[in-house]
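Letters are used for the chains, namely A, B, C and D, taken in the order the chains are written, and counting of residues starts over at 1 for each.
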C-alpha cells in the first residue's frame, strides 16, 4: 500500500493531501481537512448529505475516490459560505425555515447552488427533481423547496411571494 | 405587550442554531476526530436464533491494523439495563452475546482497529461456530403452543405483574356487547418502521488525562446513557462525561443505549479514542425499529352511534429483546380506546418476543398505531350505523373530567373544538348540533358519559 | 487495510494490462455507484480497485447514424444528448442528480435488477457492445450480453469499451414505473422501438427491466406485434405476452405479482405512445 | 386510466410526557456580569428547536430580551439532570424546570434591585425588555443588566436560579390498568384528500389539512415545522415505509434508501395546511403541551379512510401498497355489493 499525494482546489484554496488508496473525497474532507459540513448519512450514495460540487457538478462524495478529483475544483458548504454573512441561498434557507436538525442542509444547499447556477429560475418540478436524491427526515421537504424558490426569486429580483 | 401579556413566548423568534445549520458549522457527534482514534465494528450474528459454540479470532487478529477484540467476558456487567434504571425489568439483553443469539445482527464480538477498513476486514475474518435453533418471526405464531421460546423466562410475552399483557378494565364489556345493537370488529396490522434519522447513531469515547472518559454521543438522553454506561462498565458515574445535545434527527431511535457502553469500554481498555458509528445498513437491519403491531378491536355500538363497549387486543412485536417496548405497551394501553368516552372497555396489550431485530421507542411511542386502528375503526362504526364520520366522533368524544379507561380523569380536553376547527378549515359544514357542542364537563358532573 | 492499490489507467491498453496482471481480488469500477457502497460497508474486500474514469472511454457522438457511447460516459451526459431522445429519458429516470453525475452507461449494464434502466433502453435500440481485451476486440449484440447474468458473458480479461446504438428510424418510447417519481428503483421499466410499413409493424423490439434478473427482450410480445396494426387489440395481446413472459422477482420494491401486472399496463402505455407517435408522424 | 378521489378524517389525542420512574428535568440559570443569562441543561436538541424555545421561556420569565439568553445544553458536566428528549416531554418538562429556575433568578434580581432602588421587591415589575421599575413610578427604573453588574461588584450576590420539574412515578394497577401515565393531552384532527390510480394502485395525497390544539405555542414557526414535517412522515408511514415488506417474512428487508421507501420531494401533498388553537394547558410552562411526536399520527388514518372513501377498499394493514389497493379493487370487482365487514 502506498499513500498518494493528491492536489485539488477547495474553494479558493489549493490543497494537497496524502491519502490511502481509494480514500473517498468525503473522508478526506472530513477527517484530514476538517471540512465537516460535508456529512456522512449513508455512504451508499442514497441520502445526498455528502453532496459536494466538483467543477460545479453535484456529486456524492462518499462514492468518489479523492484521487479522481485531483486537479479539479471542489466546493463544499464551507467554501460556498461568504467570509461574512450568508449567501442568498443560505439566507433563503433561514427565512423559509428549511431545516430542523440541519444534517441534510449542506447537501441540500450544494444541490440548490448547482441548480440555480444552471437554471436561475427553475420550475417547482425542476427544484423537486434536483433535490430528489437528498433525504430530509424532519421538514417534509416543502420548506426546502420554498427556500430554493425564494432564493431564485430574490436573485431574479422578483416578488418573493410569486411562484 | 401582546394580547396575551407575553413578550417573547408566542413569537416566532429565529432559531438560535440557524447560522450553524446553514453554514455547515454545527458540530455533530461524528464531525469530531481525535489523534489516534480507533474504529469499532461489530461481529454480528448471521443466524436468527442460534447457540454460540465457538468464536475463532485467530485470522481476524492477523489483519493489519487490528488492535483488539472484545467478547462478552470483557464486559464487566454484560447486561443492557435500559429501563431497569427506572425499575422496569427484565435485564434480558446482553452487551455482547454469550451462549445464545436471538436475532440476525446481534452483536457478538466488538473489534477495534486503526482504520475503519481494517476493522471491517477483521470483522469479516472472525469465524463463528453457531448451532442454529428454530426461530419465530410473527407475533401470533410466537404465542402458539410449541413456538420456539425467545426469552429466558419461558414465555414469549413480557409479564406485567403476573399478567402476560398490560390490562385495562372499565365496566363490563361482555354485558355491553350483549345489549349492543351492533358489533363492529376488525383487525389492524402495521409493519415495522425505521427511524431513518439522516445522522446515524454513534459516539466517540475519548480517554482524558484525569482518568475520566469523555463520550461524544448523539443520544437523545445524555444522563440516561451515562448512568447505563456506568452500570455496564461498573465504574462510578463521575468517571464519565457525556457530551452531545446536537442531534441529526432522533425520532426515538437514539434513546437506546447501544453504542456508548462498548465504545467506552474499548476506550478505557486501549487508552485511545474509539469511534463507533452505525453504518446505514446497521441502522436499518440491526438498530431498533418501531414495532410491528396487530390490533384487534371489537366494538359494541348502539343504533344511534354511541359506542358502549370497546375491547382491544394488541400485540406489539418487541423483537428479540425488551428495550423500551414493554413500556410502549403501557402507554398504548392508556390510549388504545382513543379520545372517546366509552363506559365499558377491556384492553389486553401484549409485548411479544420474536427472533426479529429489537424494537423500541419511536415517535408516537405505542400510540401511533393505536390511533391508526381506532380512527379507521371509527369510520367502520360510522358506516355500520349509517352516520357520517364526523358525527360518530363528536357523539363519542371525551369531555373534560370524563373517566378514561385507565381511570384517569381527562384533563385539558379539546377534541370537539379541534374537530370543529378542522371542519371549518376544510369547509365542511357540520350540523348545528355538532357546532354547538363543547368539551366542557358533562352536566351530570360525575364525569361519566351522559347517557 | 483492505485496498492496497487504487489504479487509474490513463488509456485502454493500460487498463487491459492491469486486468491481465491483477486477476485476484481486483474490482473494476467506472462511476463507483455500485462498487463503492460495497467497499464502504465492508461487503467487498478487493485488494486492487481499478477505475476506468481516466481511461479515455467517455466518448459520445453520432457517426454514420450510429450513436457511439463510451462505456464511462456518465448518465448526466447521456441525458444531455439529443440524438436519441429515448436514451436521454432512460438516463434521466435513473438515480438522482448526484448519482447520474457519477454513474456510467457501461456500469448500468451490470447494475443488478431492478436497476439497469438505461440497459433496457439500449436493448430496445438493438445496441451492440464493443469489448476489448489484450487478445483483441469483439462486438456482440447487447442482447447476447444480457441473455444471462451479464458478467458471465464477459471473459475475465475483457472490458466493455463502447456501446453503439443505431439511431432509430421509427418511433421509440421509454417508461419507467417506480414507487416514487424520481430516484426510485423500477417496479418495471419498458422500452420499445418499432418500424412501421403501410401501417403495419414491420420490426419491433420491446425490452423490459425488473422483469427478471436482468433486462430482457419480450420476444413473444414482439412476435405479436410484427405484421399487425398498432391497434388496441394488438397492443393488448403484446402487453399480455410481455407480462406473461417475464420472470419478475419479488423484492423490497414490489412483488412479482405486482410487477407482472404493471408490466402489462406499462407495455400497453408505451405501445400506445408509439401508435400515437406514428399517427402524429404521418400527419 | 381512472383516478378516484376521496376524503378521510381522523381525530386523535396525544399525551404529553410519561411518568417513567419519576420523570424529572432540572435547570440552572445564572447571570453574567453584563446581564446575559446562561441556562445550563443536560438536555438534547434533536432539531425540533429546544434551544430556541427554552431561550424564549427563560427570557419571558426573567423579563429580558430573548437575545440575552444563552442556552448551554448537552453536557453532563455543565447541566443538571434531564431525563431526555422523547415522549413529547422536553418543552413541557424542561420548560417547567427552566421557568422555575428563571423565577428564582428573577427574585434574586428583584432583591438586588430593591436594595438599589430602596423599594420593596413586591413593588417592582419587569417590562419584558430588560428593564425594571417601581410599579407606578416610571422614572424609578433600572436595567436588569445594570443590576446584574451591581450584584457582582457592589453587593457580592449571585443572581441565579435552580429549577426542577418532575412528573411523579405512579404505579399501574395490574388488574384494572388504573394509572396516571402523562401530564396533559394535545389534540389533532386531520382531513386528508387522496387520489387513487386504479390501474397502478398508487395513491397520491392531494392535501393534508389539520387543526391542532397543543396548548400555548412558544414559537409558532417551530410548531408549523413540526406539523409540516409530521404530515410528511405520516404520509410516509401510511404509504411507503417498512423494514419488513412482507412481515413476518424476513426476506427483502431494506438496507439502503433505494429499498427503504419514503416519499421524495415529487410525492408531496400539494396542500399541507393547519390551524392551531391555543388553549393553555393546566400544567405546562405558559400552558404548553407537547407537539413533537403527534404530528405523524392523525395523517395515517386520515389517508387510510380517504383511500376507502375513494375506492371502497379498506386497508387494515400498513403500509398501503399499490398492490394492496389493486387486490382490494379486484376483490370488489369479483364480489360487487358485498358489504364490507
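Going forward, a residue touches a chain if its C-beta (ideal position, glycine included) is under 8 Å from a C-beta of that chain, and two chains touch if they have at least 3 such contacts.
Please read all numbers here as calculations on a predicted model, not as lab measurements.
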Neighbouring chains common to chain A and chain D, by label: B, C
From chain B, the most remote chain by mean C-alpha position: C
Selected interface, C-D versus B-C, where C-beta contact pairs are more numerous: C-D
Gap in Å, rounded to a whole number, between the CA centres of chain C and chain B: 43
Intercentroid distance (Cα basis), chain D paired with chain C, Å: 47
Distance between chain centroids, defined by C-alpha means - chain A, chain B (Å): 33
Averaged-CA centre spacing for the pair chain C and chain A, given as whole angstrom: 29
Where chain C touches two or more other chains at once, by residue number: 1, 3, 37, 40-41, 180-183
Shared interface positions of chain A, touching two or more other chains: 20, 42-44, 46-47, 97, 99-103, 128-129, 132, 135, 137-138
Per-residue multi-chain contacts in chain B, two or more chains: 14-15, 17, 115, 196, 247-249, 251, 279-281
Chain contact topology (line, ring, star, complete or other): complete
Partner chain A, residues of chain C touching it in the complex: 1, 3-6, 8, 31-33, 36-37, 39-41, 49, 51, 53-54, 76, 95-99, 101-102, 180-183
Residues on chain A engaged by chain D in the complex (per definition of touch): 42, 44, 46-47, 97, 99-103, 125, 127-129, 131-132, 135, 137-145
Complex interface listing, chain D residues touching chain A: 46-49, 221, 224-225, 228-233, 256-258, 262, 264-266, 268, 272
Chain D - residues contacting chain C, complex: 199-202, 240, 245-246, 251-254, 256, 258-261, 263-267, 321-323, 326
Interface residues, chain B side, partner chain C - complex: 41, 64-65, 115, 117-118, 120-121, 123-124, 279, 281
